[in-house]
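First chain A sits with chain B, and in the next complex the same chain sits with chain C.
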Partner chain A sequence: MRPLLRAPGMSALLVCAALLAVWEIAARLYGNPGLPTAFAALCELPRIFADPQAAFDILDSLRRMVIGFALALVVAAPIGLLMGRSPVAEALMNPLLMVVYPIPKAALMPLIMLWLGVGDASKILVVFLGVSLPLLYHSYQGARAVEEKMLWSAAAMGMNGAQRMFRIVLPAALPEILTGCRTGIVMGLITMITSEMISRQTGAGNILFNAMDMAQYETVYAMIIVIGALGILLDVCFEAVRARLTKWADKDADTTVAAL
Partner chain B sequence: MISIKQVSQVFAVGKGERHVALSDVSLDLGDGEFISILGPSGCGKSTLLYIVGGFVRQSSGTVEIDGRPVAGPGPDRGPVFQEFALYPWKTVLGNVSYGLRQQGVARPAAEARARELLSMVGLSGYEDFYAKQLSGGMKQRVAIARTLAYDPAVLLMDEPFGALDAHTRNRLQNDLLRIWERDRKSVLFVTHSVEEAVYLSDRVVVLTKSPGRIKEIIEIDLPRPRIRSELLLNPKYQQYVIDIEAMIDTQPEPEAAS
Partner chain C sequence: MNKSRRIPAIIGAIPIVLILAAWQGLAMSGRVSESQLPSLYAVALRFLEQMASPAFLADAGVTLFRLFVGFFIALVLGIGLGLAAARSRFGAAVIVPLVRVLGPLPKVALYPAFILLLGFDHASKVALVVADATFPILLATLHGASTVEPKLVWSALAAGTPRSRIVTSIVLPAAMPSILTGCRIGLVISCVVVFLAEMITSTDGLGHQLVIASRSFITVDMFVALIAISLLGLVLNFLLGRARKFFLRGFPEES
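Moving on, here comes the complex of A and B:
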């Protein structure tokens, strides 16, 4: 049993199977149309994937999420790094961050729709806001933790402030920035679906909530599975990229050479 | 030549309180001279080094290099820190060649020079390693090679062997002397080990504890090249160590929470 559990992905697979089993049993015992069986929900999956409109909706969601995420990366990460290294930027931005952090970004959606309409722009903006905060925060923490002596060594080599920012602070904070990205992906998924719940035109959230309105509960549950699977897939892909980029930082990944 | 003139450093600590780290320190470091700065912890000896490096701005006084006042860090003064401060995302070779690359030297030339220096510090074969894969002694060897690579006129060494075990420390001291005998750079070396200061230096500067003032400057009149096994038997060496230890012992114990 133990070696089997250690196989890659095996424990995750077992947990998923157990969850589905519990769901199946609960649905059979409860017998409520609001809780279809796991089997019925899974049977919906091929139908969703075969429907070109549904595939288009899901891809459309992903497109908005990617744009919002990319914008956040370009805007929030540099601001966070700057905050970590400049006391002025820190003093200006920190209070703003404290106020904005606890506000649910989806709660701003109705307001944003007033300004930008119900189309892509509003939804991308909401995703951008959701992803920005963890990214900003982690970039800030990462830049703040950069060892002073590392920057001094670079200054002695002749690097000016901007060069130190790009060549020292950015790589040194990269592991922390990528941690922020990972949280950002989850936040991006959440805000993506919520934005489509509030303003329904296309998207995975659109399918989900339309099905809800029409009492097609199998589809609702199937879409929840799809979104969950999407989250896992994005996370696994991102982890692979992260591991490659920060191979140098992972502890215990390689043995240390004996004392010399 | 480096000339430190009446340098003082005052930090603000808490509300309205001021801590005088350095008070009126004047010192000349000649070309090719090896000076150690010795003192109890909290005497501001590292601060003095950071001021010479241009990393920290002094409250008053001046530091001049060949008559020009220090305005900031520069490649004429190469620091080596106790914390190594290697760039962990770069390989050993990348770390050592970084300074030259920064100064516009083409990659092949910079890497050739880096390999030379790595062989000098005994790290040939480790070019593609990352810092996390190295022991403390190896990291400090890389850091020394990284600083030597851009050929600073002065080495500023801030307790460079303080984090190493006794055996490694001895080996690095020997290697540092061997390298220094070759190109005779000026060295300003901060340490809290009396033996280390006497073994390495031409002159030892003893600072008092807060405020850090120069208590005494001792000329170390011992033959070079210095060989540890011979020095340990040399009564003159022993006397230097005893005298300087007595000088430091007469100072009050540092506060527990300093």
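Moving on, here comes the complex of A and C:
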């Protein structure tokens, strides 16, 4: 039993099973049409996946999120790194970030729709905005914490500024950037769902909220399961990538935590 | 430290001023209509006007009420569960996987379920705030409480502190910096989430103001609602920063 419990992902699966069981029992006790049983919602899943329109919608959501995320990575991470290394960039950007930080990005959707229409561009922009800030912040923190000695040595060995940025700062800040990416994934999902809820054309958020309006409660809960599974799946995949990319850093991190 | 001191802080105003100038320039150039981008002046005027309007303030009050109720429930839950996970093996075995599964789930997707279960009133919005704000506080508490130096706990035990009081008199204060950081994240998230929930279904609150303005294409009012919620977030964030300074006096300052 022990080794089985220790298997990776086992505890997560157990938790999922437990949550479904609690839901099932609560639904049976509650007996409210607003809370169908977990079983009924799970039965709805094959229907959603068999419907080509629904499958297309979910893929469409993912496509927009990936584009928005990639754009944020390309734009926000370099700005963050620059802020971490250059005091001028830091002084320039910090107040702006402080002001922008509490603006609800997903709530900008109605406004952006006025400018860019209801199509893909608005939704991608909202995802981009939502993902950018955590990415920028973590890249900034990562670049700031790079050991000065490494940079001095690199400079002494004849690396110029750009080389130092790519060969020293970027790898050294990578673990922190990836932490930002992980927060970014969650933010991306939230903004994705919200943007589709506000401008309903395609997408997972569209199915969810349309089903809600048409009182198809089994579909509502099935879509919640789908979206939740998507979030967990993306998180697990990303964690695997992160563990590979920063194998060298994790040991360091552990020893510093132990040393604290 | 020395390096940053040579740069005057005032240059931080440059990007903000540039953006505002670009906005005003674009609005005045006549290339965009008033309903696409109202001028900065019009927005500022309308904002001041709304600040004096009891109806608008009442909406802001409703938003604040939901925000605080949700945030305080999240605070209690987050700190309680975080401490439980850090201090007991059983707690860790249950709570850590639960957080790993529920953490990355986009909570907005749960909102329809909250509406169905709790109705359209305050409860569903508060529930969404709780669902979203608990996790950062919980994670921060867990992190803070599990990195408390064991020596501190041992010394306290050796000095005769009863086991039941270890958590309140050693672990909690030692984890305070981390917890307060989590609170800050949680508070801004609460602000954003309560606004989103009000946008989705509501009959009052700042989010509802935005939706009404957007349905009737009164762009000025959309800006005003967005500015109001952002200012609220900014002010709360600032106040919590102050509270943090107050609670952490005597702690070695960390970055």
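Please note the rule applied: the second predicted complex is superposed on the first by the 247 of 260 C-alpha atoms of A that agree within 3 Å, B and C clash if a C-alpha of one lies under 4 Å from a C-alpha of the other, contacts with A are read in each partner's own complex, and residues count from 1 in each chain.
Criterion: a contact is a pair of C-beta atoms (placed from the backbone, for glycine too) under 8 Å apart; a residue touches a chain by one contact, two chains touch by 3 or more.
Source: prediction; values computed, not measured.
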{"item": "Touched partner set for A:248, first chain B, second chain C, both or neither", "value": "first"}
{"item": "Touched partner set for A:101, first chain B, second chain C, both or neither", "value": "second"}
{"item": "Partner chain(s) touched by A:46 [first = chain B, second = chain C, both, neither]", "value": "neither"}
{"item": "Chain A: partner with more touched residues, chain B or chain C", "value": "C"}
{"item": "Partner chain(s) touched by A:156 [first = chain B, second = chain C, both, neither]", "value": "first"}
{"item": "Chain B versus chain C as contact partner of A:171, first or second or both or neither", "value": "first"}
{"item": "Touched partner set for A:119, first chain B, second chain C, both or neither", "value": "neither"}
{"item": "Partner chain(s) touched by A:15 [first = chain B, second = chain C, both, neither]", "value": "second"}
{"item": "Common interface residues of chain A - those touching chain B in one complex and chain C in the other", "value": "257, 260"}
{"item": "Chain C-facing residues of chain A, complex", "value": "11-12, 14-16, 19, 32, 34-35, 87-88, 90-96, 98-99, 101-108, 110-111, 114-115, 185-186, 189-190, 192-194, 197-198, 205, 208-209, 212, 217, 220-221, 223-224, 227-228, 231-232, 234-235, 257, 260"}
{"item": "Complex contact set, residues of chain B against chain A", "value": "50, 53-55, 72-75, 77-79, 81, 83, 85-90, 98-99, 102-103, 122-123, 126, 129-138, 141, 146-147, 150, 152, 165, 168"}
{"item": "Chain A contact footprint on chain C (complex, rising order)", "value": "3-4, 6-9, 11-16, 19, 35-37, 93, 96-98, 100-101, 103-110, 112-113, 115-117, 147, 149, 188, 191-192, 195-196, 199-200, 207, 210-211, 214, 217, 219, 222-223, 226, 229-230, 232-234, 237"}
{"item": "Residue ranges of chain A touching chain B (in the complex, touch as defined)", "value": "147, 149-150, 152-153, 155-159, 163, 168, 171-172, 174, 246-251, 253-260"}
